[in-house]
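Take a look at the structure below.
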Amino acid sequence: MAGNTIGVLFRVSTWGESHGPATGAVIDGCPPKIDLEESDIQKDLDRRRPGRRPSASARSEPDRVRILSGTFEGKTTGTPISLVIENRDARSNAYEDLRDVFRPGHGDISYQSKYGIRDHRGGGRASGRETAARVAAGAVAKKVIGRQGIEIIGYTLEIGGISSRRFSEREIGRNSLCCPDAEAAGRMEAALRQAKSEGDSLGGIVEIRVRGCPAGLGEPVFDRIDADLAGALMSIGTVKAVEVGAGLQAARMKGSRCNDPITAEGFLTNHAGGILAGITTGAEIILRAACKPIPSIEKEQQTVDVRGRPMTVTVRGRHDVAVIPRIIPVCEAMVAIVLADHMMRQQAAGQ
Amino acid sequence: MAGNTIGVLFRVSTWGESHGPATGAVIDGCPPKIDLEESDIQKDLDRRRPGRRPSASARSEPDRVRILSGTFEGKTTGTPISLVIENRDARSNAYEDLRDVFRPGHGDISYQSKYGIRDHRGGGRASGRETAARVAAGAVAKKVIGRQGIEIIGYTLEIGGISSRRFSEREIGRNSLCCPDAEAAGRMEAALRQAKSEGDSLGGIVEIRVRGCPAGLGEPVFDRIDADLAGALMSIGTVKAVEVGAGLQAARMKGSRCNDPITAEGFLTNHAGGILAGITTGAEIILRAACKPIPSIEKEQQTVDVRGRPMTVTVRGRHDVAVIPRIIPVCEAMVAIVLADHMMRQQAAGQ
Amino acid sequence: MAGNTIGVLFRVSTWGESHGPATGAVIDGCPPKIDLEESDIQKDLDRRRPGRRPSASARSEPDRVRILSGTFEGKTTGTPISLVIENRDARSNAYEDLRDVFRPGHGDISYQSKYGIRDHRGGGRASGRETAARVAAGAVAKKVIGRQGIEIIGYTLEIGGISSRRFSEREIGRNSLCCPDAEAAGRMEAALRQAKSEGDSLGGIVEIRVRGCPAGLGEPVFDRIDADLAGALMSIGTVKAVEVGAGLQAARMKGSRCNDPITAEGFLTNHAGGILAGITTGAEIILRAACKPIPSIEKEQQTVDVRGRPMTVTVRGRHDVAVIPRIIPVCEAMVAIVLADHMMRQQAAGQ
Amino acid sequence: MAGNTIGVLFRVSTWGESHGPATGAVIDGCPPKIDLEESDIQKDLDRRRPGRRPSASARSEPDRVRILSGTFEGKTTGTPISLVIENRDARSNAYEDLRDVFRPGHGDISYQSKYGIRDHRGGGRASGRETAARVAAGAVAKKVIGRQGIEIIGYTLEIGGISSRRFSEREIGRNSLCCPDAEAAGRMEAALRQAKSEGDSLGGIVEIRVRGCPAGLGEPVFDRIDADLAGALMSIGTVKAVEVGAGLQAARMKGSRCNDPITAEGFLTNHAGGILAGITTGAEIILRAACKPIPSIEKEQQTVDVRGRPMTVTVRGRHDVAVIPRIIPVCEAMVAIVLADHMMRQQAAGQ
């Protein structure tokens, strides 16, 4: 049991169901005397909101965060920070006919197996809505690591099999898909429109880079920072694969190529993705999270109900066509939380 | 700090450096009254030993395990099981000229950054030798989950870019590369011989399947079983990417294809890899771990020493050409440890 | 850092400052399908409220709890239960002149040392108000262990040096001090009135008995159940000593008297307090928590301010004269939380 | 399950049964570059050995510790430190007739309830022998906190109801009972001789003082340092009560007396025992642990066997008459481990 907490020293616990009164996070272990206002958090939450993108759902989620504890006169006090986001505009009735149905690709069937009871409304705890709390907590983590000059940027590497071919950091903020390649972004949008018209959905790949991370973060042997980062990214419902540095391609390289040559100025290549033996080297950390297509689709699907009776289902409601780009701040949040935790663990040695 | 322990209820801690007197594991939380002899563990340790394969190192590691606590008259007692493997045949002198050198692709440089001190002999704590303790602990985990009928099989999916094309389970035990495709195995062996002759090394991909796993294992939202499995596999030094089910390919599917249709008899496909919303469904669990090539190569490489002075290095010693197949029992061990832990967590609800 | 969470499987995290917008608890790991309404929790919260007792403060705290997650149609779902209690009637201005003053016996000075910042209003996180969240979480824990027939009763053993001499369980609910000895209760009330008139405060001892606890709860060697219970009780701000069974008196017994003789029907005495080698025996668990007098007194006291300048302070505000009996449900809550956690840990072995 | 580990960052796990091949500890999280030799540990282990005192058992336990990992050229490396102590001179046959008998005051009956199996030889895991591993780990913790000038001294406050009346620190090292009052020590020895002649045993109280502890250690609200210290001391099998500062007496004081007045030079009294709101103040930490008499006595006792059949038992073997003074280094070790952990947790904030 338990399992809704991540971190050793910078600990984040989230709670909340999709259609309950609210969702939230408690951050225990945030260092004191860090400037923190609700607006610092709101910024990232707004990035998670559905926009005018072709991939967006029609559900309007204001996601207004409140800080209920842990700050005093605009600064953290070192005590737990409680963040709450009320759930508004949740039309539970839309889910009433799904009460006893297992939607394919969703956690309905596995939650039922596990608990023998579930809040079916909007996926309950297994809903993507839960990630709002992660983003809120991640915004606090970003402030913690930001003090040390660590910066995280996430962007769209691929959607529906269409890849970014070039990397313009400025471009990321310019197109609605957060794609560093404007041309690819255009083709991705077309693919999303096409999928939407088919009542279908698309997957994709998010890439995350971490800059300014000091060498020495990560612990042998199970709490390696790549292990913790992989676990954190894989804990996002939509993620089915995680890569570090060269990732899968490393398996196809020879050692003489994969090993990054070391010079007095740093590494000549970065196949390691900034991590050696589970510990950061000071080079840029590079991570990729592969996201499956959103399981809620309007196309008819074959399934069973709670009693095992065969049936078909078409999931209407207001759903995105792809989790990207909304999942990007979630990925960033998970990375920020892991880094904040490991930064503090490393400081604990008091050197 | 800390980080050498994995698990919440079935907790495994490992210790030991490559060229210290011994390496070992302590398992805390193993249920009582399970039959356990040293030979149960030795079996898996022997699978990790270098063999006569072209990929093998010449170092002969007997890896004899001793159980120092936690069993009584051949059965576990519920108290911590201490496993110790003496390090023999460790020729530390071979490493003396590497004392101040950072080998590319190794943890030398990151450990130095982290701790400001390191046991350079054979990689110290960052050595692959550490995985012997994991395998030993994993053998105990296998006994725990075996009581519930859970079975794990790992095998070689790819080496040096050469893929298994067919799956014959019987074949896995027949060739020295543990490859389910005899023909591919032959080509892999040739590639390994070629790399060896070049003083180079190869990477590859291990696939792990779990059968008989009950539905309901895994905890929302951070301790999802796929998150824990991914973290556990990524904690193996050589692993740079982890996939669950369709993995990276899921990012290129449409929802209508990726979603596994549900019938009264189970799922029609298994793109989910046996896990939905982080909780097992009862279907086969499918995982893949992509391993980078072994960084120790005889080819000359560019690097620096502890003082930052440029130099070249050629790593002689007795090294494997690829971590596969020796890494397979390590992957299995990590999976077994995670499953044993989650099995116990699920039982805790007492339903 | 961190430290606001207790438990391994039944995990309780609390948050909130005395004069912030709210205080609350998140319970992660509560088994599913347990009936749970806000009224179940409100009952215990109401026992913590100040009453018409001579020991009571004039602050009226309605302490209305809301369940924000983790239940569905009146039953727990196995996901985190978020409990929130708004802080009303908190007159922060009353504390403005204490902003820079360290009140003797309070955490003002230690929090300032630790964090370099603190919410001075009403003691901030160190306030007794924080225990409301514990009581709320404890009420849930009581439901969990109640299913197994475990029952906890706490009562007043001593106030201001006046001891209960006899034990009438019915009497506990009859007098406002929750004292099992009506005659002693009368003398305690007189002592409280006297202390109040002097602008002073009193301490006392709470005794807690646990009935129906199965044998076998508790883990060797650090997570013994007596260790966890002692830690949990000592984590209440006011507690300065904890005893199990014969407690301090055990140190003055001979072995032949202290050892509880065992018969087929159970133990003939209970000096062990229901725990042997850190594991429950099935006998009644007996615990005592010694509470110091409330540090907020109207009498003038010698102290310094944040800059170390000597001064005197008289703490006005609305304070109790003694933490007893209000602390009793807090002690019960801590015991319930520890027992729920250990009950689940024992079930995890799946025997 | 699990439970043989203590600490968050400075983590100590122990393993081993009284009559197994060895007992040991793994320390994960020890900072690097601390001088550490086996002799540093041996010193404390030797203090735990039975001596020529009237309270001593005749069993001669050499308790030779070996460091198997985590140091390199005489310094810690930051990786896990594995300590092993072989069990020699363990005469298991002496216990053969106790195989099915529950010794009163021992964990025999509770272990049997919990696990359904137990290593009966010498108490197995519940034996006092387990504390050797704690002492070994505590010696390492002392080195960690010693770097910051923290010093721990434990001594005998009371044995068999005879109290130390005066405190001469020099005297502690001079008499075999580690009693700061020579005259009391003499009377304690007489009492021990008397108890021995009666085939009985005595309890007593250990007091521990911590000097040089910086202000600011301890975490709200559950991991208060007094909570962790109380839990750690109560986890020693023999301890039935723990006091901090004024302890039980605080319950009988008025607030005006119990509150320690604060001056620019520090506190005028120390009823708080150096801890306010669970956080150290910089004043001396004062703790007391009340130990029950050793349960192994030669006097005939009433009990049952595993099948519930009534019988009598006389425990022969080689037992101490009192755990004091051998338990003193164990108490010190537990305090040192908790302080090392909290010191590192406080450093983690990186201020």
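Descriptive notes on the structure:
As written, the chains take the letters A, B, C and D, and residue 1 is the first residue of each chain.
Methods note: contacts are C-beta pairs under 8 Å (C-beta built on N, C-alpha and C of every residue); 3 or more make two chains touch, one makes a residue touch a chain.
Since the model is a prediction, treat every value here as computed from it, not as a measurement.
Shared contact partners of subunit A and subunit D, listed by label: B, C. When you average the Cα atoms of each chain and compare centres, the chain farthest from subunit B turns out to be C.
Taking each chain's centre as the mean of its C-alpha atoms, subunit B lies 46 Å from subunit C.
Distance from the subunit B centre to the subunit D centre is 38 Å, each centre being the mean of its Cα atoms.
Centre to centre, using the average C-alpha position, subunit C and subunit D are separated by 26 Å. Of all residues in subunit B, those that touch two or more other chains are 1-5, 8-9, 14, 29, 31-33, 78-79, 114-116, 125, 220, 344-345, 348-349, 351. Across the interface of their complex, subunit A is touched by residues 1-5, 7-11, 13-17, 20-24, 26, 28-33, 66, 68-70, 72, 75, 77-82, 84, 114-119, 124-125, 344 of subunit C.
Across the interface of their complex, subunit A is touched by residues 8-9, 29, 31-33, 78-79, 220, 343-345, 347-351 of subunit D.
Residues 1-6, 8, 14, 102, 104-111, 113-116, 125-126, 130, 158, 160-161, 195, 198, 200-205, 215-224, 226-235, 237, 240-248, 250-256, 258-264, 268, 271-273, 275-282, 290-297, 299, 301-304, 308-310, 345-346, 348-349, 351 of subunit B touch subunit A in their complex.
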